[in-house]
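Structure, as structure tokens:
Labels run A, B and C following the written order; every chain starts at residue 1.
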Amino acid sequence: MHPAYNLMRHVYGWLLLTPAAILLIAFTHYPTVATFYESLFSKGTAIRPSRFVGSANYQAMIEDPIFWKVLVNNLWFAAGTIPVSVALAITMAMLVNRSLPGRSFLRMAYFTPTILPMIAVANIWLFFYSPDIGLIDQILGWFGLPGHNWLGDPATVLPAIIVMTIWKEAGFFMIFYLAALQNLPPELEEAAKLEGASRWYYFRRVVFPLLMPTTLFVLVNAILNSFKLVDHLFVLTKGGPDNASNLLLYYIYENAFSYFDTNYAATLTVVLLTMLAIMALAQFFFLDRRIHYR
Amino acid sequence: MQRQYRAVSTAFETFAAWFIAILWISPLLYAFWAAFHANEYAIHFELLAPLTLDNFREALSQAPFLRYGFNTFVLVTMLLTSQLVICTLAAYAFARYDFVGSNIAFALVLVQLMITPEILIVENYSTLAELGLVDTITGIGLPYMASAFGIFLLRQTFKSTPKELEDAARLEGCGTLGILWRVYVPLARPTYLAYGLVSISHHWNNFLWPLVVTNSVETRPLTVGLGIFGAPESGVDWSIVSAATLLSVAPLLVAFLLFQRQFIQSFMHSGIK
Amino acid sequence: MLTLIRKTLTRVAMAACIGTVPVAAQADTELTMYYPIAVGGPLTQVVDGIVADFMKENPDIKVNAIYAGNYNDARIKALAALRSGEPAQLSVMFSIDIYELIEQDAIVAFDDIVTSPEDKAWLDSFYPTLMENGRTGGKTWGIPFQRSTIVMYYNKDAFRAAGLDPEKAPATWDELVVAGKKLTKADGSQWGVMIPSTGYPYWMFGALTMQNDQVLMNSAGDTTYFDAPSTISALEFWKDLGTEYKVMPEGTIEWGTLRQNFLEGKTAIMWHSTGNLTTVKQNAKFDFGVAMLPANKRRGTPTGGGNFYIFKKTSPEERVAAMKLIKFMTSPERSAEWSMKTGYMGVSPAAYNTRKLQDYVKDFPYAAVARDQLEFATAELSTYQTGRVRKALDDAIQAALAGTKTPAAALREAQTTADRLLKAYR
């Protein structure tokens, strides 16, 4: 190849990349590094300027019971939402992948929560969960059951939020399964039928393994969402009662924008970043190897 | 026997499908009910309660939802336009220019798939403050303009474009950008549509970052306006909150109902790597 | 180092993007005021009206009111604006933000602005109780405006139905429990009393502790009394309303939806801000009453709400203009008008002596309950590191009410946290 072209190739390549590179560096790479850096300094005010404190913020974090609580909440939140919404998503996709009456309505019904903003969803659900006057308590009342303070009881607040999140997310994940199911060769099902395999057997031994790449993709997305999605807390609980529904990102927000302690917020962000990094590496080394068989 | 069993199970599946669907759609139907009825019926369900538009009138008079809607529209349009341009250029570089460092650069781009801007609110806020872009619509959009997802998606599409088409265009005297515009972009139309719809619905609904960045009516998008409206100091009125909620989701919801197939196809398309 | 790089980079970028910065040359003084209410609500119109009147009287001053949402949002937004160099000369913010604002070096003391003896007298024209949260270290930092206390709203129809005297609200804790038991229906369709425990639990708790003759902090804002025996027994009483006497639902009670619960008759009594008075008056479909909170060892309530602050980054002319605006808005006439339209309190005795407020009170005596209660009021919880200290107490209250910790254990923990946070300020 022509040497001038060869050089131009590099120049053009970088030129084309430049706008994206500037923005990505400014809003992804630089802040990631800066977060680590800021976490080594104390909270600064006009009277007490910020100073280097080494690992003091990390020490404080380890001794901060709220940090551990939000971390555990986050894990329960993920463990509560992900398996159920993924299972529901597969079920939904299987149900509407065949011809049945009203199929497009069904798909729409499943998918609609996905396009609603979480903040709107929370507004609607707040009313369901409201004690005494809320819809759930009223329905319980018809059956003579006592109402419950769903969001005011530390034992039920996280499950209540999990149920709402499942409602919001299952339809979104269904779409990916639907796409994957439509890519399966139809001969597979016919072959299974000829063999006399039961539908359950066919699903378990043929379909589910073939959906594995989709499941992994969905899982990664779901885990990411469970860390990123805190919008509903602003409307529903503000993390209460007693942090029973508080999540890591919301706690970061509180520290940065309610207590003006951006340095402690940065320390907490480092934890979040580390977890995401571990996930990314796990996906890269472990999961990708299994996805690429197709 | 076998056939009978199949018929029963099909009927059961149809029932299950409808059952879930009704369960899934009912919260939204409920919001509709509450929004179109006087407040007392939000709590005491009565089938033939009189319909009213008062809640919408009240919501609109209590908060500038039309302005919020306009802000959201500006935000989404501006953001999508910039995303398309920026991601197209970058994706083209990755797909067709084997430049030095391209692999590392691509890996660095993909970092954003994991570390999305909302996770870095603290640092991004101070960057924005230094740029003097706090409380501007540009400021809301800026961190999202270079979208790793968009770059990734378009790169895949561009890679599958036959190289011969590019060579033919080059023979006709097209420059780099000419080739991109005449050959690659038209062929990637489905990807653009898919990405566009996903991006619009994502940013229409985004809350945390806009909340942090905006302070005033002139910049606040619908979600933030709704969030503030729904949690006032004194107390909430269900019917009015429902009406406000519907007002905020209506444009996207109507678009979705009209272009259901495209929406669903787009989300499907965007998920297939 | 990184900050330096960022600063240089952004400066370069700014110069490249913007080129020249247009300088607004105006002879008039322009004031930007942050205000802690949601946009477009009924209160916005009232504030807009007052501001418009002010500008009519002072054509050389232009006021931009920015409605920032709730108190928390207003503080965040105003401070953020200051930090990023956007204009902001004055703001109504939470009265308890005072220490945070001082620590951020964001505000200027009124003593440093007022010079004439007349102005100094003006500083003393407000109710002293309302000034408590605005004064520290011998200086005045905040001027009361959007101020409230907690009052007891009760449903007279429900009182009648339960065989209680509708003109006689419970005046002591014991009476509250007795009345509550009569008002609570076994089927759960009506509770005796609800005290909200989300949003501002520490505020409601400030009332209960004051009734127990105990304050929550000292006036220097560096010491809290969360684990004092009277504090603990106040929380025990609050919890007992649910678990022991069964006159209040167990668990936390949502601040935002409580008014609706009251209006729907789901509770016969609610404790809430006087700021709700006008809305309740407009929407209650039953005969309702407003009373002072009941007493245990004494009556008591914290004051609450927002004060005017003037930011430090202001020119002398802007300070003069800001003072004019604040004096205008807190003048007896305006304060009276504000009180009538919202239910918030008039801020000075003179406001209650105006003709219109006197007439209004004659017509609607409940409008004066908050004023009458001022005699028993105390400052709202406010310390250095106030956000964190408050959260420690809020969490303790919620944990006790939800039954995950005993009141004593929860409050001791909160006190330990507060001690750790405040050690550096003593």
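Quick note on the criterion: a contact is a pair of C-beta atoms (placed from the backbone, for glycine too) under 8 Å apart; a residue touches a chain by one contact, two chains touch by 3 or more.
All of these numbers come straight from a predicted model, not from anything done at the bench.
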item: Identity of the chain that, by mean CA position, is farthest from subunit B; value: C
item: Higher-contact pair (C-beta pairs counted), B-C versus A-B; value: A-B
item: Interchain centroid distance [CA atoms averaged], subunit B/subunit C, Å; value: 38
item: Distance from subunit B to subunit A - Cα centre to Cα centre, in angstrom; value: 16
item: Subunit B, residues touching no fewer than two other chains; value: 43, 125-127, 231, 238
item: Touching two or more other chains - residue numbers and ranges from subunit C; value: 6, 257, 260, 264
item: Sequence positions of subunit A contacting 2 or more other chains; value: 30, 34, 126, 133, 257
item: Residues on subunit C engaged by subunit A in the complex (per definition of touch); value: 2, 6, 72, 76, 79, 100, 103-106, 188, 191, 197-199, 249-254, 257, 260-261, 264, 266, 385, 387-388, 391, 394-396, 398-399, 401-402, 404-405
item: Residues of subunit B touching subunit A in the complex; value: 9-10, 13-14, 16-18, 20-22, 24-25, 27-28, 30-31, 34, 42-43, 45, 85-87, 89-90, 92-94, 97-100, 102, 105, 108-109, 111-112, 114-127, 142-143, 145-146, 148, 151, 176, 201, 204-208, 211-212, 222-223, 226-227, 230-231, 238, 241-242, 244-245, 248-249, 252-253, 256-257, 260-261, 263-264, 267-269, 271-273
item: Subunit C contact footprint on subunit A (complex, rising order); value: 30, 33-34, 37, 45-48, 66, 126, 130-133, 141, 146-147, 149, 151-154, 237-238, 240-244, 254, 257-261
item: Complex contact set, residues of subunit C against subunit B; value: 6-7, 10, 13-14, 36-42, 66-71, 73, 77, 80-81, 83-86, 255-260, 264, 273, 275-276, 279
item: Of all residues in subunit A, those that touch subunit B in their complex; value: 9-10, 12-17, 19-24, 26-32, 34-35, 38, 88, 91-92, 95-96, 98, 100-102, 104-128, 133, 135, 138, 167, 171-172, 175-176, 178-180, 182-183, 199, 214, 217, 224, 227-228, 230-231, 234-235, 249, 252-253, 256-257, 262, 265-266, 269, 272-273, 276-277, 279-280
